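Same chain, two partners: subunit A is paired with subunit B first, then with subunit C.
Up next, the complex of A and B:
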């Protein structure tokens, strides 16, 4: 039978004398037999996420590393602070020896590290980036075909919600902070089960879409009549409006069937606490929902904060918080490192292990959601005691649909963190040839981990 | 500019080598200039208070300097109880879950533990001296500032009369204690400097024919706005170029002589340097130096003098007293009392109030090109640039405001202060709702 449509086809027609075209959802017809790729051989799009935790890992001037494996390439040994990654080690690459090169800009403590990794330039001020975070480029490249272009999550239970995702460098995303709120966002009343046999467009969505579209002319007029600063603000606002429109448009289409999607039940609300155990539990619960959100094709891009740069987490019953301990605990002369700080680093990394295991637990085609994702995990510092921005721990987790030759340890001496950032962007298909500014500008991805 | 520097340095080195070959046995000048016979220039790659470490291992272990090791972390619950809080209140105040505690900024109520709950940072004598065990050893690094070999410490090499009461007062405080380059304070501030927070350059110029033995030498300390560059291993790279940035405050010029490559002061002078600390200002009265020009081209040694001690205390307070106390294992009023107790110099004469304390800064510097402020030529003399210095710029703004040693939380539901009602623990769960 002649079937003249493919996944790039539009349905075209006329409404009240106006030409319209409607994009097609990804139909089973367009997929291959196993569900791992389109029938024409094109891989299913991968998901991308960032995972951030504060206060780095232990690698002291006296040589007491607790996270840098001695072996490079495949088969690196599991170091004490990476113990939690053991179950998914073959899907995680470790990057050591990378640093921020500020070109004379001072180290803004608990800020310059991740600002440089995400924006490619050392920031001039401690409350902003000097450019957008690159996850926004990824979202533009691979996040437009889902209900949410990007989902921002903060598990830290900090006093203020924490996000390092920014399009402007000055305003940051407002993250979801509890499992219940994330559930409502992903699977609340506006969620449409992609596997439902009884799907039909929601009339209320159609109405809301028309309301938004109706102000288009006034938006244009408003933009033309304001100054440059206001244009920037309005552009950011209208970007969110356009994303809302896109989100609504997606909901007016029958969602593609998602084999791995099992709509979860609503989680219970939990007491808000910044203890290490509570943040870990929060991370695990949020990761479980996120994993299903990815499997149900609600988003393909996310940013996840475990703890802020100036982490507020602490051991229940202790009066000192982790951040204070990194600074005030002396190095044990025999061990060569700070034992309590290292213990806490290991506990914090347990949450990252949990996070990855949750993504790996959702089977999808021949693999898992983790296999079809790429998560760039990183911190704000190397040796937190002195706010070092040398040897910042970075990881790439997930196979990125086979593009990431995972399970390797890559070590350099003093190369820019932006090489890892560029590599991540290229692995998920962002059309970018270079990344960063000044001495951190690089066109050299880490090719040994690229399939 | 920096790309050319190594090449230019190579050319100079070649010329120097040629001179050395032509006149074997003589030390060749590094540079020639019409204003001085020779000039050597450096960039400070590390500087820290000269605190002799008397232990064999670790950073807090017992040693000849501090037989009981570093002063231990205070029991903050007990500190608050001693200040008049109930045990229940004290435990509550120290609990990170307390809604009045900002885990980022500390517990503001900690400041109010003086008499009648006065702010001890503003009024340290409102509380009795909590005590800070001083250095009890006899060895210290530094300089003989009073020309009296019968007062002070003995240097590690046996020199008598080393005056360093700053070390005596604070040498067992965790912030300052540790092997060379490994105390937490040294690591923190030098890491900031090496990452670009500030740059200090040194110019040494002499009138004699032999830089290693010259009775007429001047040493200048200047600021530069050019940042240091790190090599691939994270070390500061040699031979980069720095322009002097005239600074109305931070500049120091000291007359000296050289003897077998060692630069020593001839006449004390008053100078102001950029301090590797929260204080920023390192004012040194009757400053002297003792620096060694090493065969690898680097410069190492001490510059010292009598510094005002109260700004040192204020520097720590204004860095957020509540946080500093917990991080560095000290009650700041104890720092105030210790500095006051060991202050050993009065600018108004022997009978005056001891407002200053003997001090030495340990300096490590690398060879570098230092250019005149306009960048047109290398400096060849040591002279003051204060007359052409711009107005001192304001310090960079912090992301939070510090008032009287605490970070006010004006929008917070609960405010710290002498009359604050301390919530009972059982109210915590209600408060979080």
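Up next, the complex of A and C:
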């Protein structure tokens, strides 16, 4: 089959002139007709990200909810703890009433919730997942055409860098934790400006490729006589090698022009701090860089941690951290909820609002980066005081290139959290029909929000 | 035998069997029994040993994982993520650039190429084999060498520079899984071919990483090559050499950094409005103080391990002097110091490292401290809090001191089960705030530091130090930790007899750490082979191999 025009003009035609950048490898795959991800032929692959914050939202058993809207469908009312989502409300769907079903597995506090949402199975131990987190499947499906398959970020300034993204269940991603480090990764010396006119392939890249081929040559010999668990770990190692090869291969191709890409300047390094205000500022600064990383086509998949499951964030000058307050603070009899905990939850959600606004601020084609993304946001618990894994707050933000009928509130009574996870995967084009195991196995996405 | 003949016949007619022929009974193929990602400090020590201390290592390393109290156990569960590999790759390139820098190459390359603008396989091979052996901790296979020679020659041709090719070959060794992971290999035991033993190079690495926190040096590799390490005398000679070297200190530091969880000090955050004296320099100094104290007491002075909980001989520097509120008059960076009785300090538990690590950003935490005292020093882990604790019954306490607030918790049946156990040792340390500064009052009330630990009544940090000094579980826990750290695996009930015998030997040697390390590293259990499940091409001897080991009590799948 011959095309009577060049490949780029062809692609522009297919997306109705929307000036969004597309890297050539996508185009190659598209023209070869080998991929299924682009089967509908009219939509660009969207970006996908997870956003995690610790300690849930306030929803007391006595009914003092501070986040579940009473109205379902479009036009849900803004609840006090969701105040920060107001400016982007039409691009955010709220999911309430979803829960983790452990099938006899214990509720491992501050762990079972997000482990189940991401891996589809309640974990057996509190330091691992019983399967890969699904973002890795999304990255395999939509993340291979950019320099980075996935970018992991942790804004929390916790004791250890926090990531819940894993391919093996035991090794978790190494996140970028400061704006400066994220900047260097995305826009440092290996970055190639997609809008630069004098692009030349760097011959040293081919030499670096030969370094990796020597490693890969030995793969078979190394794998012989290795136990099962170690095979999984070596597989992950070689996956990482291939991702590096992919990065190098990308750098040998002239990047496609990206209209929305404006290369940012290097941010200043900031002192490490875990106060609510500092983590919020860190979240905002990291989100700004991430948004441009997406617009400049450096990655299409990300995982963002705002605070960890056992969040160590605190208000400056207060001796108790947020986590302690959620457990210790009594329910105010008049109000029907914990006032200080709820105030902190609202503050933590402000960072999520900031995050989305940063993605919405980058104009891209007829919309924004947020419009061409889908972000699944969730926490480790529902009502944190009692480590509840019922009614875990979950959100889908961004229009996913038009596939997400955003701005709705979906309420269920006790359905599995994995339904939201499955929906997210299908919205971004992962060829997957079901997700989860045991009672959390589901083949039913939430169709009312799918366009 | 028949199978071998058949294989030979097939080869003659140009046909290769798809599967390797079954090994005759008792002639199992080498089996990789463990794969442990090397730690950041092992990486740094190895690079300094192999290429010299001048090599700069500027990179972020992937987070490590503490399992059953030790990163050394967690290292056997870790892999390399894509961003982690990016870091290793960039670091490897930077190391190769430094090693083959124009000024360095005369010393780092063992030969001269016939023409520096072209590939030279003979010289390239010498370089690759020499450094490959140090980095992989065993001689390279011919195919491993050839793969790097190919890289070197391609690079030399493309760049018109022999050394550019070598850089690529060295980078390739430095990012190889055989370097980044410690691959421990077992082979059929020649004395009893139905059993496995750790091969000589894996043994050498185990000893070297335990005692020097680094890859084997040339002499140790030679002892592996000659097989001397398999003999009692040969092994003992190496153990004596390694523990007599000044580099034994590196091994001891690495062990205590892991056991005392001092690596976490790199990430501690404190609220500056509550602890204005805290900063990165204080937390770095706190780690160094504890390591200096420990090495001086246990290695230099060869004192009783239990003195670590009562001795107030330590070292301070200027940032710490400010936190401890003591004068610092030395002109050097560090100076020896002995805390007076009135300071209420008692050993390493009362140093800033432990006290600030196990606390909140804005307050102390008797619960965290208590849990860590049990876990780190007594090997008594605290189970995760049950999810069904009825926190709704917890009401805000108005008590001024943390003790008062915790006692309110303890009167709540949902909380008391754990807090009755975890809090008392921590309550004894309450005269030290979340940074480790001495105090006697909290919110205007006197702080009571009495505690009752399993019926033993004691008062304050000094009482707690004495309690730990005298509790037999404390040296037993150290024995377990040294073994688990060196062998890289969690211990279980089946190790009970072995550990108990080692603990007795430790006691009769006067609780000297260097003797304990040698004692453990000379025991056959230290090199015990545990064949993992699901080995590809399982050798026929797999099952047989586990039988005699079970008798000695140590197989853990």
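Rule of thumb we're sticking to: the second predicted complex is superposed on the first by the 409 of 451 C-alpha atoms of A that agree within 3 Å, B and C clash if a C-alpha of one lies under 4 Å from a C-alpha of the other, contacts with A are read in each partner's own complex, and residues count from 1 in each chain.
Throughout what follows, a contact is a pair of C-beta atoms (placed from the backbone, for glycine too) under 8 Å apart; a residue touches a chain by one contact, two chains touch by 3 or more.
In this text, all values refer to a predicted model and were calculated from it rather than measured experimentally.
Applying the stated clash criterion after superposition on subunit A shows that subunit B and subunit C collide. In the superposed pair of complexes, A:390 makes contact with subunit B only, with no contact to subunit C. By the document's definition of touching, of the two partners only subunit B reaches A:333; subunit C does not. Contacts of A:229 after superposition: subunit C is touched, whereas subunit B is not reached.
Looking at the shared chain after the overlay, A:257 reaches neither subunit B nor subunit C. In the superposed model, A:343 makes contact with neither subunit B nor subunit C.
When the two structures are aligned on the shared chain, A:105 is found in touch with subunit B, with no touch to subunit C. Of the two partner chains, subunit C is the only one that A:149 touches; subunit B does not reach it. With both complexes superposed, C is the one of subunit B and subunit C in contact with more subunit A residues.
Legend: residue contacts after superposition of the two complexes on their common chain; A:312 is shown touching both subunit B and subunit C.
Contacts of A:171 after superposition on the shared chain: subunit C is touched, whereas subunit B is not.
Of 44-52, 440-448 or 512-520, the subunit C stretch that intrudes into subunit B once chain A is superposed is 440-448 (criterion: clashing C-alpha atoms).
Overlap of the subunit B and subunit C interfaces on subunit A: residues 61, 106-107, 112, 126-127, 159, 272-275, 312, 314, 318-321, 324, 327-328, 330-331, 385-387, 389.
On subunit A, the positions that touch subunit C within their shared complex are 61, 106-109, 112, 126-128, 148-150, 152, 157-161, 167-168, 170-176, 181, 185, 203, 206-208, 210-215, 217-218, 221-234, 236-237, 239-241, 243-244, 247, 272-275, 312, 314, 316-321, 324, 327-331, 385-387, 389.
Listing the residues of subunit A that touch subunit B in their complex gives 61-62, 99, 101-107, 112, 126-127, 159, 271-275, 310, 312, 314, 318-321, 323-324, 327-328, 330-334, 385-390, 413-415.
Those residues of subunit C whose C-beta lies close enough to touch subunit A in the complex are 29-35, 60, 62-63, 65, 67, 77-87, 89, 92-93, 141, 143-144, 147-148, 150-151, 154-155, 158-159, 164, 168-169, 171-172, 175-178, 180-181, 183, 185, 264, 267-269, 271-274, 360-363, 384-392, 394-397, 531-537.
Chain contact summary for the complex, subunit B toward subunit A: residues 57-61, 70, 73, 76-77, 94-97, 102-104, 174, 181-182, 184, 187-188, 191-192, 195-197, 226-227, 230-234, 323, 326-329, 399, 432.
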